[in-house]
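Each of the next two complexes has chain A plus one other chain: chain B in the first, chain C in the second.
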Partner chain A sequence: MNPRRFPFTREISLAVMAYLYVPVVVLIAYSFNANRTATIWTHASVSWYGRILENPSIQAAAWNSLVLAVCAATAATLLALLAALSTRRDFLGRGAAETVLNMPLILPEIVVAVATLLLFVALGVHLGLTAMMAAHTAFCIPFAYLPIRARLDGMSGTYEEAAQDLYASRFRTFRRVTMPMLWPGVMAGFTLAFVTSLDDFLTSFFLSGPGTTTLPVYIFSAIRSGISPEINAISAVMLVVSVLLVALSFFLGRLRR
Partner chain B sequence: MTDASVPPAVSIRNVSKSFGKGIYTVPVLDDVSLNIDRREFFTLLGPSGCGKTTLLRLIAGFETANAGTIAIEGQDVTAAPPFHRPVNTVFQSYALFPHLTVEQNVAFALVEQGLAREAIRTRVGEALEMVRMGAFARRRPAELSGGQQQRVALARALAPRPRVLLLDEPLSALDLKLRKEMQLELKQLQAEAGITFLFVTHDQEEALTLSDRVAVMQAGKILQMGPPREIYERPTHRFVADFIGDINLLEGEALPGGGVRLGPGAVVPLTCATPGKVTIAIRPERARLATVGEGTLDATVIHSAYLGTAMLHKLGLPDGSTFLLRQSESSGPPPETGSRVGLTLPGEAIRVLLQ
Partner chain C sequence: MMHNPTLRRASLLTPAIAVILLLIGVPLCLMGWISLLGKGTSSGVDWASLPSVANYVRLVWEEDFDGTMILNSSYLVIFLRSVVLAAVTTIFSLLLGLPVALWMAGLSRTGRDAMLLLITIPFWTNLLVRNYAWLIILREDGWVAKSVNAISPFGPVQLLYNDTAVAIGLTYSFLPFMILPLYTVFEKFDWRLLEAAYDLGATRKRALRRVLLPIATPGIMAGSLLVFIPCLGAFVTPALLGGGKTLMLGNIIQMQFGASRNWPFGASLSVILLAAMLIVMTAMALLRNRRTA
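On to the complex of A and B.
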């Protein structure tokens, strides 16, 4: 046996994997169950996937989620890019600025969600998609900021000096060198922000108005009237989309060109 | 040589630069002045931290001087940003843009200069041919070896035809064999392109091989400036003598009536401006062996090494210090280890050094 390895490493790893992923595997398996009762297995079928395509409220919720995620992720990525560029050089209060930027990662979401709801009500902001976009943008910023910042930190300032040395003005340098070299980080940040928004329940739940249900909120309300195989199917689709996007962002973040 | 009507390629007047603020201020350049002639291969030589790279970065425009002026071909650029200066830089790390191909890299400045598409293509082709990288035009920098990247960096900096090419230790990342090759190529390129080269290095051999003139820097000051032969044969400062090549440094005392006494009865015929303690320097190949008692000093042979065309003897002097002597093969049989020998220090080969 390899002396550098702890005993039972493999067994423990397998147990942890099972602990993490058995619920998800069961959910996906039952989404292919033909039986109406979600917990009793009869035989395999894809009919529930067909059903979700026909259900108008699911379609509306999915569309809302998508629009919300695209808008929030775009706004968050833009703000994160500006933040990353401006915190590149050392200045008084840089540490504080970074902490504030990353605050949404630490703050309890329920507190922020309730606070946002109270604020919007007090200000008379109409609850719905626009309100959700504003809130989602805020908590998506750190998810977009971190990959961009990592990319920027790994980028030597010499490239920009070289561009300026080769007669490119500051703006031209940004356009021809900084931005293209930063692009994989920006894409990774956008994807992470997108997935975070797509997945969010709490904030959306508090801020959704009539007719602006998102997919997670829809799943939550549907599940209160009993677990249906339909829910399993939507959840499986969301899972696959999220995993694909995160994998894509990871791949983009590691691209070295 | 220097024509008063033609302004020098680079003119630096009383430039000082320090980094940091308040009590953390670190002076890097201290009142530096120099002129670089057109088409000259000029080298800034010194150990790391001597300010040579900072001086280059000031000329490129990446740093701003605290005091003094910088002019390029008579045009004051002290306050100009890098993109308004007619100079290009070859960086130590090459800094080739990884997201662009070789030809896009070389075309970078030409696009900024607003050249027509056809003109850009011609110039890129010429620049790549000049460094023999034409076959690699479509590659990305990551697909090239260090030496190839070096060539592309050169082509990229030469393509816009700068007034002055700044080279920041460009050969330091290459292995010895490749470095020797690139040294020759650099020299050739400079002759072909007819451009002023300002080269920064800590490698004294490289500096002597390549340059028309060398400035030796230490602690933010230029100690000595001149052609390689002059720097090597007539160093003015102890630091310069010690930094370049092998040399023997001897402590002595300048006598009021002329001559420098190195020890009891050992006086070399030299005249110094002021009497007192002095350091003198002599190259190992300029000292000669003599019969015991007939040289300037007597010494003991500690160790001898065969160098092919010469012998290198390590001698022990009466005051306990050691002395290197290079004896050419034609000058008689080598003395045996442990034997006593005389040591002649010809007056014309000795330099009296400033501290």
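On to the complex of A and C.
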């Protein structure tokens, strides 16, 4: 019996896909609505996109988000790369190490965000971009680690052994053999860490402090004061950017080994 | 160069582990300690106060004007609502996710890859933005509300700011977490086993129950855990779609750090959330061990 023959699974699946994607399509469609009230459709227009480009607080928030995501994803990818290289072969405590590395995935984000806020206040750390960078780096590590780990697991060690047999130093082997083969995994990891940081709302919400907002924090406070066509437009931009980056990471992960 | 492999491994592994322990492990321990302290006047925490369980007592009892302790059910209600909403979301996700996972497993290689990408994409897009999309769809003057009200026999219905809206939003947010582990199980399943069961005279129902279900169970359990746990700590969905009326644990934690400014009480609520999560995870692990034993 083939799973294709289960009755109604096709119909239910199509309905579920509609459930997942109709809201996204509606949101994007409304972002092109010319009407001020954001509720009544008049005619198509890109005026709200022009409006968000001119808004200085949106510009500042977008810049903060970008700087934050670049820094956090770079740091997390570097740390994850080193960790993935060290957990390549089995050793005593490897399971424990991987549990710690994956901890940010399991813990409820609001609890971690609140706890980090308490630590920073207790230590007298100034809330803002630097505080957010530190926290984002920590929770981005598993997102960078998993694709690198997957790429490493699919790599045979024979090329590296051959290089070493031909008297390449350990560093040279790493630079000329391991890294070129591992590169797509590192890029996929970086992209996922970048998207995770860019989209993060809760941690930034607690750690942003007065004066520094990120785009998601800006969107949240804007939603609090009501639905508006500007929010539709920024939201649509954020959605499209995330989707493009994830698709990129997906194809990087599938590059021929 | 370091020639000792253990030393080299430790030096590569330590930075990542140290960052996570310092920025996640240490804060969680500190939070546990702060949950025992009193509320401060300026900074939110009274560091000099003697540790006590007063914050935990406050969850259930409150002091009356004359000093007697009376039951305060408001936090219990919110806790129960969080658990019930998380459970309902898990059940909805299972009902929707199971057919999708089964259907995906029967597709061609390209079809499966495409579906996998389509299921994963929502996970990576902004949770806030996706819940905001539901705010647009369900709002009072939207076409969905208008058409529901046109056919509703009970008069005008409010679609937003209630438990149903939050359940819809939560299911929407976490459904991919259910589909992916289920799909992983079905993808590896050898469908000839079902044929063998039929050949040996099993009815359709019996074959599904005795062959497919035992294999699907680990996937169902993993998916349920992956949906239930983030739901329990949800903040964005109830904040947007519950509109301050349907509060969940995440919302009252945030309130202690915002308007109420009672950080130790917020810390104790977070500890409760963490404990509830650990209890569920342990129960699942025990259940799994008993099944395999």
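Keep in mind that, in the parts below, the second predicted complex is superposed on the first by the 252 of 257 C-alpha atoms of A that agree within 3 Å, B and C clash if a C-alpha of one lies under 4 Å from a C-alpha of the other, contacts with A are read in each partner's own complex, and residues count from 1 in each chain.
Simple rule for what comes next: a residue touches a chain if its C-beta (ideal position, glycine included) is under 8 Å from a C-beta of that chain, and two chains touch if they have at least 3 such contacts.
This is a predicted model, so every value here is computed, not measured.
In the superposed model, A:Arg176 makes contact with chain B only, not with chain C. One of chain B and chain C touches more residues of chain A, and that partner is C. After overlaying the two complexes on the shared chain, residue contacts for A:Ala34 are found with neither chain B nor chain C. When both complexes are overlaid on chain A, the residue A:Val46 reaches neither chain B nor chain C. Of the two partner chains, chain C is the only one that A:Met103 touches; chain B does not reach it. Of the two partner chains, chain C is the only one that A:Val195 touches; chain B does not reach it. By the document's definition of touching, of the two partners only chain B reaches A:Ala163; chain C does not. After overlaying the two complexes on the shared chain, residue contacts for A:Thr9 are found with chain C alone; chain B is out of touch. No residue of chain A lies at the contact with chain B in one complex and also at the contact with chain C in the other. Against chain A, in their complex, chain B makes its touches with residues 60-62, 81-83, 87-89, 91, 93, 95, 97-99, 108-109, 112-113, 140, 142, 156-157, 160.
Of all residues in chain A, only 156, 158-159, 161-169, 172, 176-177, 180-181, 256-257 touch chain B in the complex they form.
On the side of chain C, the complex with chain A involves touching residues 1, 6, 8-10, 12-13, 15-17, 19-28, 30-31, 34, 43-45, 96-97, 99-100, 102-107, 117-122, 124-130, 132-137, 139, 141-142, 172, 175-176, 186, 191, 194-195, 198, 207, 229-230, 232-233, 235-236, 240, 250, 253-254, 257, 263, 266-267, 270, 273-274, 277. Across the complex, chain C is touched by residues 1-6, 8-10, 12-13, 16-17, 19-24, 26-27, 30, 38-39, 79-80, 82-83, 85-87, 91, 97, 100-101, 103-104, 106-112, 114-119, 121-122, 134-135, 137-139, 141, 145, 170-171, 192, 195-196, 199, 201-202, 206, 216, 219-220, 223, 227, 231-232, 235, 238-239, 242-243, 245-247, 250 of chain A.
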